[in-house]
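Just below is one structure, and these are the notes that go with it.
Going in written order, the chains are labelled A, B and C, and every chain counts its residues from 1.
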Amino acid sequence: MVKRFLYSQKVAPYVFVVPFVLVFLVFWVYPLGSSALMSFQKVTLGQEAAWVGLDNYDKLMGDGIFLKAVINSAIYMILTLAILIPFPMLFAVLINHKFMWAREFFKSSFFFPALTSVVVAGTIFRLMFGEMEGSLINSVLGWFGIEPLKFLKGQVMGFIALIALATWRWTGVNMLYFLAGLKNIPDEYYEAASIDGASPFQRFARITMPLLKPTTIYVLTISIYAGLAMFIESMMLWNGNNSPKNIGLTIVGYLYRQGIEKNNLGYAAAVGIVLLVITMVINLTQLAFTGMFKKED
Amino acid sequence: MKSKGLVLLIILSMVTFLWGCGKSTPASGGETSVLDGGAGESATELSYWTFVELHGQHFEKMLEKWNEANPDRQIKLNVTVMPYDDMHNKLSIAVQTGVGAPDIADIELGKYPDFMQGTPQLESLNDVAEPYQGTVVQSQLDLYSKEGTLYGLSTHVGATVAFYNTEVLEEAGVDYKTIVTWEDFKQAGIQVYEKTGKTMGTADTSATWQSSMLLAQQGADFTDDAGNPQVNSEALVKGLSMLKDLQDNNVITTIAGGQPDTEEAYGEYNSGNFVSAFMPLWQMSRYTNYMKDLSGKIAIAPLPVMEEGMPRSYGGGGTATVVSKTAKDVQLAKEFIAYAKLSLDANIEIWNTLGFDPINMDVWDMKDVTHNEDNQFVQYFVNNPFDVLNEIKDEIQLIKSVSASPTINNVLCTVTLNEIFEDGKDVKQALEDAQAQIEQELK
Amino acid sequence: MRKGLPLRILLFLFFAVLCILILIPFYAVALASFKPGEDLIRYGLNLRLDWSVMSLDNFVYLFTGSHSYFVWFFNSLLLTVVQVVLTLLVSATVAYGFSAYEFRGKNALFVCVLLIMMVPFEILLLPLYTLTHNLGLMNSYSAIVLPGIASAATIFFFRQYLRGVPKEIIAAGRVDGAHEYAIYVRLILPIMKPSFAAMAILNGMNSWNNFLWPFMVLSDANKYTLPIGLKTLLTPYGNNYDLLIVGSFFSIIPIFLLFVAFQKYFIDGMTAGAVKG
């Protein structure tokens, strides 16, 4: 009887999707709910939680360091978008050119940095951007007669190192996304355009760019997510979560500082909820603008 | 049907693996850092967390002695070394939740107040420390006590001294012994800079050794008697303004890493780019470990002072060894750490192995220990550190460690000192801002 | 006469320069792995080729020294394999449920799949941490594997892939009298094989490099994965640079070899989401 029931065509789909439902409920809905709840409480590990209403959010609004973290995350996201979308797209188009030599080799080497863990990559970059005269970047600057710079102590310099790390790791990956997108553009379009006498630039602007739109939207979506949620890169680059003057502090870094380092879980939860709202608003606006929702199925 | 069975089998075995791994001890596939110290089969295994690998070496020595002396209560020590921040974060969570804490752990003074909030979730050590009362410096016991209960055993006094690179000083024609006041230091530094182009000292941005030292000289502190922050005090403004003046005269500059006790700074010092450091005595071990090129060139001296007659040292830094409430064998762990930290043997070994100034000051007078020619620290330095220590013995001040201290430290080391020495922000203004920020965070 | 030779050379040079820039950090680490850690502390990570200080000492230490590197390495390997196998099986099953059937609540559920692809996992760190603690799963691998076992991105990819599989296969299976699960296991899973490779690579890469969550969950040094273990070497009080650099360098090698061998699948796996997104 039970077997009959379980094996019926009506029940089977639920059996198939039940692992997802369980994971979704246990590891997403429940934590999100408890996060929302915690954000209205004062929570300290090992002690009873106390209801404090909107206190955490109130405090958050006047918290200069949190504001700094939000600005840092936002700037990081914007800069990664500004660099990691146009350049990989351009590289993809160029590397796809029929006159390209050693295409596969270049594709692989561009992709290679993505294989390193952030821990390893961050450490390498921390050492490369060291302020000593002999550190890689400073020694290169030395060839041009530039005095050694203190990269990881200034806001602008620190961000240069941070963006360099992101660019190094993700250019190749994003380029591959765009290459995959290019594969889906039929050659006939270009041939037709050539016959019409379109210049290479016109072909890029009129055919390539519009037809790469789905890929661009995908890259944009994951980049927004990755930019706003960035933390480990900063943690590794400054070898800890306390960068000088908080120049490398991000939203998740602040969540970590309050929650893990200061055992102030309620406040940290409020930080998390604010991050969730920011991410959702940006991504849903972006998707609405780019017309993702209009596409059926 | 066969393939379905296979899939099920795989899933089942994976799940078993997962749950199994969650509960049981790990299958050891390689070397672990278990110190057995000659212990037999029946030894109790205790876990120990630290952020300084060298501390493990000291425990290793004491473990051998303990196991020899207590054949029926032998111990194996499972040592885990983690980076400073990570270890304290994990330990704090583990201790507060009562899950996953090691039996024994090291807690650094700067983080110690975090563990003292509310009812400390650590074992009282009063009973095991009792026999050693009177032999060790009382202030080092008070430092890690709360309301009369002792929770951590100190490692060293941490008397702050000056380290001078005599090779560079000779080249510049400066005799470090004549440096008594900061004014002397400034003149010497100007001379060094003009003659050699090298920098006399550091303007620390990521540690408060210098700030503490200057406060201690003036009999001041970061907090008032009630433990409230007062980083905008006149004393600190005066101290940091003096450092700023030194910086303006090319006597000191900021250093890679932000203070002498970082890996970047070791390199700078080893290359001779910086001539002096004002650090607690334990900096000696950093010299012997990481700055081997300077062997035979470094002299130790009392700190310069603002005015002659001011105290010339303060106890800087410190690590307390604690026993968690969830320890496997609380009594054994307590007795062992008391033996490994407070006994006379331990204090002698703390000097021999670690190069720290032990809290049992009797050791300071044991010439055969302190002037032992085979000792690597004695060999490395130009003069004997204990000659200096005994000279300043009665001048060693203490900076209070209270619940506001971690926040004060964090604000000064990440923001304020950087603003002053990297960006040239006005000292008074920077400290006012710091005070406001600290008050906001403590709310 | 070769058409467009100048353009060829220009293109090649352009990418060659970029390529060198990208490979410099690897070269610097490779170089540093032959130098003593002291040299690194003193002179920084640089490109100086100084034969007098270079030796195989660090590699000798890596393979013969007393440290936990290979414990971590083995843990990472084990965890990666377990995580990949479980995630693929579970996610494929869920994806099949979504693609082969019409059932009540299907669309709502699938929206959930899409939504969690957009929620930063980092937000959940603290509640997940307390949950894990309450379930008694701290310091266990289950706590690392379970939350990701029904991976939204993987489900999404498999579902896209399954849309290309003709429904007739399922119908034919039913006609033959096979029950629902047998159809999935015997008829569908074999067809899905090619898509498994790409997803195995993608999940494997994520798992091998996974850091923050395992870092929070694991406290026993014998259970550390490679990234966590390497991070513990980053302390000024350990003189660990000998091992850190050579260890970092060595950690890239297995992934590099896998990459060279299965390059196509890597690229397919990485771009899987973008193509039909």
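To be clear about the criterion, a contact is a pair of C-beta atoms (placed from the backbone, for glycine too) under 8 Å apart; a residue touches a chain by one contact, two chains touch by 3 or more.
Everything numeric here is computed off the predicted structure, so don't read it as measured data.
Visitor: Farthest chain from chain C, going by the mean of C-alpha atoms per chain?
Guide: Of all chains, B has its centre farthest from that of chain C.
Visitor: Looking at B-C and A-C, which one has the bigger number of contacting C-beta pairs?
Guide: Looking at B-C and A-C side by side, A-C shows more C-beta contacts.
Visitor: Compute the distance, rounded to whole Å, between the mean C-alpha positions of chain A and chain B.
Guide: Whole-Å distance between the two chain centres: 37.
Visitor: Just give me the whole-number Å value for how far the CA centre of chain B lies from that of chain C.
Guide: That pair's centroid distance is 38 Å.
Visitor: Between chain A and chain C, what is the gap in Å from one C-alpha centre to the other?
Guide: One centre to the other, that is 16 Å.
Visitor: Any chance you could list the residues of chain C touching two or more other chains?
Guide: Counting only residues that touch two or more other chains, chain C contributes 42-44, 146, 181, 231, 234.
Visitor: Indicate the residues of chain B shared as contacts by at least two other chains.
Guide: 83, 97, 264, 267
Visitor: Please set out, as single numbers or ranges, the residues of chain A touching at least two other chains.
Guide: As it turns out, chain A has residues touching two or more other chains at 45, 130, 132, 260.
Visitor: What residues of chain A sit close enough to touch chain C in their complex?
Guide: My answer: residues 7-10, 12-17, 19-24, 26-28, 30-32, 34-35, 38, 45, 91, 94-95, 97, 99-102, 104, 106-121, 123-125, 127-128, 130, 132-136, 138-139, 168, 171-173, 176-177, 179-181, 183-184, 214-215, 217-219, 221-222, 225, 228-229, 231-232, 236, 239, 252, 255-256, 259-260, 265, 268-269, 272-273, 275-276, 279-280, 283.
Visitor: Show me the residue ranges of chain B that touch chain C in the complex, using the header's touch definition.
Guide: 1, 3-4, 7, 10-11, 14, 17-19, 21-23, 26, 28-33, 51-54, 80-84, 86, 90, 94, 97, 99-100, 261-264, 266-267, 270-271, 289-290, 292
Visitor: Provide the residue numbers of chain B that touch chain A in the complex, in ascending order.
Guide: Its residues touching chain A are 83, 85, 89, 92-93, 96-98, 114, 118, 121, 205-206, 254, 256, 258, 264, 267-268, 410, 413-415, 418-419, 422, 437, 440, 443.
Visitor: Would you pull the chain C residues touching chain A in the complex into a rising list?
Guide: 4, 7-8, 11-12, 14-15, 18-19, 22-26, 28-29, 32, 40, 42-48, 90, 93-94, 96-98, 100-101, 103, 106, 109, 112-113, 116, 118-128, 130-131, 146-147, 149-150, 155, 179-181, 184, 205, 208-209, 211-212, 216, 226-228, 230-231, 234, 244, 248, 251-252, 255-256, 259-260, 263, 266-267, 270-271, 273-275, 277
Visitor: Residue numbers of chain C touching chain B in their complex, please.
Guide: 38, 41-44, 66-71, 74, 82, 85-86, 89, 133, 136-143, 145-146, 181-182, 185-186, 215, 219-223, 231-232, 234-239, 241
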